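Questions regarding the structure given below will be posed in turn.
A, B, C and D label the chains in the order they appear, each numbered from 1.
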Amino acid sequence: MQISNLTVRYGAIEAIRDVTFTAMPSRITAVLGANGAGKTTLLRTISGLVQPASGSIVIEGVELIGRATDDIARLGVGHVPEGRGVIAEFTVEENLRLGAMAFDIDLAAGLDEQYQQFPVLGERRKQYASTLSGGERQMLAMARALIAQPRLLLLDEPSLGLAPLVAAELMTTIRELCATKNLSVLLVEQNAKGALRIADDAVVLSVGRVVANGSAAEVASDDQLRQYYLGLVQ
Amino acid sequence: MGAFFTSRIVSDILIGAAQGVLVGLIALSLVLIWQSTHVLNFAQGAMAMFAAFCGMTMLEHGLNYWVCVLISLVAAMLLGGVTERVLVRPLYGKAEINSIVVMVGFLGILESGASSIWSGMARQLTSPLSQTYFTLGSKTLYLSPFSLFQIGSALTLMLGVAALFRFTKIGLQLRASALAPEVSRLLGVRVSRMLTLGWIISSAVGAFAAIIIATSGSGLFPSNMDGFFVFGFIAAAIGGLESPGGAILAGLLIGIIQTFVADYLSPSWVAFTPVLILVLSQLVRPAGIFTKNTTRRL
Amino acid sequence: MKITQILLRLRYSSLGRLVLALLGTVVAICVVLLVSAQSDTYIANAGAMTIAILGLSLLTGWSGQVSIGNSGFMAVGAFTTGIWANHHQSSPIIISLLLSILTGAIAGLLVGIPATRLKGPYLAGMTLAFVTAMVPFIQSLGKLTGGSGGLFFANLSSPSWFANLSGDPQNFIVANYRWAATVSVVITGVAYYFMSNLFASRAGRAMRLVRDNDVAAELMGVNLGRVRVGAFVISAAYAGLAGSLVALLSGVARADNFGLALSIEILSLLVLGGIGTLSGALMAGLLAAYASTLIAKLNALFGLNPYSNLGSNSQGIIFGLLLVVTMLTAPQGMAGLLKKISHLRARKEAE
Amino acid sequence: MLRRTHRGVAIIAASALSLSLAGIGALSSSASATGTDGVTNTSITIGATVPLSGIASTGYSDVAKTANAVFKYINAKGGVNGRKVNFIIKDDCYDIQALGCAQPQTSGSLTVAQTNALINTSGGLFATVGSLGTATQDAVRSLLNSDHIPQLFVNSGSTDWNDPSHYSGLFGWQTDYIAEGKILANYIKSKLAGKKLGFIGQDDDFGANGLLGLQRGGLSIPNMGGTNSFAYPATDAVFNLSFPTTLATLKANAVKIVVLDAVPPAVTLILKDAAKIGYYPQWVISGVGSDPQTVNYANLSKTNPGEMNAVSMTFFPYSTDTTNAWNKWIAKVILADKADFPKFTSKSILSGNMQYGAGWAVTFLQLLKAMGSNVTRANAVSTLEHSAVSNAFATPAVLPLQYSPTNHQGLGGGLLVKIVSNTNTTQIDGKVYSTNDAANGAITQKAFVNAAVPSWLN
């Protein structure tokens, strides 16, 4: 995925300014930065929920800008929004069926696969999503995105609100998925430490601008970046 | 046994139920729209009336009753779909009063428009089935072939809508679009089509009720749905605007209680009976008797 | 400073508002004396509608509660006036008006206490239910309210000093119409003055805060329930006054005249004029009064036979279209449009 | 330049206001050439408020339209004494501003508002003629009286129009409901004696007066609310809430004769609801609610689905009689009015409402002719009160008007008819019955002879 010269405005405020970077296939790209750096806006723009003022987003040769959100989803862009977005009034299985609905896939096989991946969901398939714990909801949201077999997965703060152990487990799962599924992941995280541990590449945003862009290892070893933008102290 | 079925209480229940399922259908159509688009459709009754006129006036040109019904239902679907696309779509996310006013304006256009096209005169629709009640011995059993059809088809329609929502792919998408439009979009669901579809189904349900009302009651005329709309709205509010089943039950309840009031107390109290039921139910459970308690979201 | 700017600035002080209201009333009375008798009937009705719209503007525009039941409170006012007039034929009209305000307020309290616990569509539904119940309820009271037929009593007629003053003392028909319009204008002026003071008061600010953010209002120590019920009561009192005026102007109180249709009309006019503005209520009142005349002229312009199906229904169609188009294109109504225009001009001037 | 265009909101509003005021309606009500409002040497302006839309418009909207057709017909022939009749019809929705009403809901009584508009017609209004409804016309009685504007030929059978000492310019036209009730009671006593009686009436003067007439005619029916005697609210003509239980009670009590004082839409519902429970009593229906061209009588008989079993009273030759001279004349007049009656053909049957409208329109033309050159309000009242003149007016009614200085009611009886179907009504005995309102007032009968159609109308 290639993002070039992307600018997004909310009224007079520029949430994203002239952002350019490339997310490589089958790799995890972490998008890092402080609160209000424009990370969530970036994901929402990719999904078509926000219309940019200028710039382009191209994925496998297809321009995304100007397309409707549901069209973009059907192009193979999965988006797990911040706060997970599971439908509490639906059962676990209904949530998963909804995720598969718009795609031409074998539903039964898809469900099996997700239940295998996330056994706890299999156990609770008839339960309403409102009864799940935070971690289980996050898994459900991931499973619901994955069942559509996306090629690009946008994850918005997946570890937010989770216990550190659960969060770490989740990161490992993401890493495995990326390796086995030939999946590109754009991972937005405030928890830079965890994200950099599993990411291949990293982009650092500050007040809507790209301040660093490179391999995760490079970013992780840059003291200045760590201190000023990521709030990580040795 | 015959004496039981022709007793005063059973008679009142049968008369009330026939009336009540119609109130329930209107309530159901209101709930369908409220659920999917959070618009309180004041023009619901008028849209149903207009669609009924489109088809049922063909009776005068010698067309078969059921063909006319079919034409009306198609007209209703078109009207519902176009209304959602043209009038309602710009209102999403706006203040509540905006949609109330637009639908009130649309109500005026439809009723005056129908009067302009078809005149304000009541048209009697020749019933396809006998409306004479059956008798058991010398007593009347308050059921006729038409009222059986009326109750039966209304219940079938309600079950059909429920099944559609519960068991089909489309139903799942309809519900998801209503509950969480943005998430549904992210999952590739064509939400805007689903909203239109919600209006289409709701309009068809309303038009069916209007046709039955015109056939069994005082005929078809531009304001013939006004009273039923108010009762239907009250039923929907009693049931809780989120609950199709609650709407239907509340409609039945209103019909039956009204008949009892007319029979045992006074016919002149009938018009404000539903309101008393509403006030009582709202004081007990403000969000409707048939909805689960939810906490206020900030 | 120019006169217009001085006038506009007046509304920021209590005394200034009094001066403005007095000026407006005097100007309106001059208009009443100059125009035709038919225009006087329109102005008289415009006054009553303005008062009703002001009441709803407070409730819906300021405290954020959508009501489609205010015509029910108008009915309370009208029948209070009617019953009083039938028993005390020679009592001054001010007593009828005050009694109607009182009964309207009491009805508002009775409905408001349960209704204001509800929000959004449930509140709208409750008020809808109230008005649909009010008409048959009043009719079922038999002799007291005259059943379906209603009550009939003497309508306002001009005292002789006014007939002499208003020009043609021979033509008592015209003097009667002028007198009715003058009375209506004066009452409207008083009602307008009180509302403008309320708008500027602490209570008015509390209401707008509740509308915009009820949680914040609560945190700032505003008693939500009291503000909501208070708005209901004042709104109903205004409706009671409007109903009383309507009854006095026509000499009739009939429940059917105060049904759902009138409520919807008031709400629509409020929107056309501009929700939550005082000037919008005035303009909407005038629009209501002149609607049928304007549309008759349109009919004539297009050569429509007024007795044909289309001709006799063109009013409904045009009014409906007006509502839909206003809401979709200029939801702030006429007051909003005027404001926009004057801002644009001010900006141009600045450049 | 720019500075001048700057205006505050209030000033723009005020100027818009005064512009709109200036644009609408010049000074009116100035006395005209002849000294009487609404009268010139070549025209006379009259008006009426009627339900053209809304709850009562079914059928009733044809009344004033037919009268208008009569006036247009005569105007085309040069008018009466050189004056053309300028007839203004205003829609008042029966003053029930339900959503079916096509008028914008302003405030208060629509009948009063529309009557004000009539009074303020530029050039003035001579009189209201043929306004429709009991409660609606009660509402404007004192208004018109205080302005000294005659209120002629009110379309209602209430006795409220017969009060010359208080309302000198107020005149009814049709037989009142009490007299009608007495005549119907007389028929029931003589032809249907010994059968159990029931009554359903509108909950206002219409029902109450009709019931009073039946009682004064010697029938023992309790007041509405008593055994087998029911009141229904006017809005039930739409909502149909009370009729099913009312009729079930009547059936259960084995009532064999049911008298209806109801408007046509309510009669349609009552007949339909009765058929649903297999209840086929002898119906006796007030003339204002029985018009076969308005009420749907299809399939309402047990023995023969095409037949009906109802008795009613009419003041006109029965409308299906196509050989009657007045019926032929009315049909010709309506046929000439393509604008208001586009669907009326030479094969169409007249409705009772059309006859009714033609009835009072012709009466007004006769009055105009009788006044000669002295067309004033005072002369109109005194001409009508001059029995020798007004009682000789030739109208489509089957009996003469009976106006006098003490009687402003109009007709005092009618013809009994049997309604068999929508296209088949027959006279019962060919006799015209007449009476007054008093309990001891005798009922007289004579053979039905229609007055000839005057040549100047043709």
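Quick note on the criterion: contacts are C-beta pairs under 8 Å (C-beta built on N, C-alpha and C of every residue); 3 or more make two chains touch, one makes a residue touch a chain.
What you are looking at is a predicted structure, and each value in this text was computed from that prediction instead of being measured.
Ranked by distance of CA centroids from subunit A, the top chain is D.
Chain pair with the larger contact count among B-C and B-D is B-C, by C-beta pairs in contact. Chain centres here are Cα means. That of subunit B falls 33 Å from that of subunit C.
With centres defined as mean CA coordinates, subunit D is found 35 Å away from subunit C. Separation between the centroids of subunit A and subunit C, computed from CA atoms only, is 55 Å.
Shown for subunit A are the residues in touch with two or more other chains, of which there are none. For subunit B, residues that reach two or more other chains under the stated contact definition are 107, 111-112, 115, 120, 268, 271. With touch defined as above, residues shared between interfaces to two or more other chains in subunit C number as follows: 136, 139, 260, 264, 312-313, 315-316, 319. Under the contact rule stated at the top, the pairs of chains that touch are A-B, B-C, B-D, C-D.
By the touch criterion stated above, subunit D contacts subunit B in their complex at residues 53-55, 57-59, 61, 98-100, 102, 203, 230-233, 235-242, 244-246, 248, 251, 265, 268-269, 272, 275-278, 296, 298. Note for the complex: subunit D touches subunit C at residues 2-3, 5-14, 16-18, 20-22, 24-29, 52-53, 65, 68, 89, 91, 95-99, 101-113, 116-117, 119-120, 134-135, 138-139, 141-143, 146-147, 202-205, 233-235, 339-340. Residues 47, 49, 68-70, 73-74, 79, 81, 85-87, 89-90, 94, 97-99, 101-103, 144-145, 148 of subunit A are the ones touching subunit B in the complex.
On subunit C, the positions that touch subunit D within their shared complex are 4-5, 7-8, 27, 31, 35-39, 41-43, 45, 48-49, 52, 74, 78, 136, 139, 147-150, 152, 154-155, 157, 171-174, 176-177, 242, 246-247, 249-252, 254, 256-257, 259-262, 264-265, 279, 282-283, 286, 288-295, 305-308, 312-313, 315-316, 319, 335, 338-339, 341-342, 345-346, 348-349. Subunit C makes touch with subunit B in their complex at residues 60, 66, 68, 114, 117-118, 120-122, 124-126, 128-130, 132-133, 135-137, 139-140, 215, 260, 264, 267-268, 271, 275, 309-310, 312-317, 319-324, 326-328, 331.
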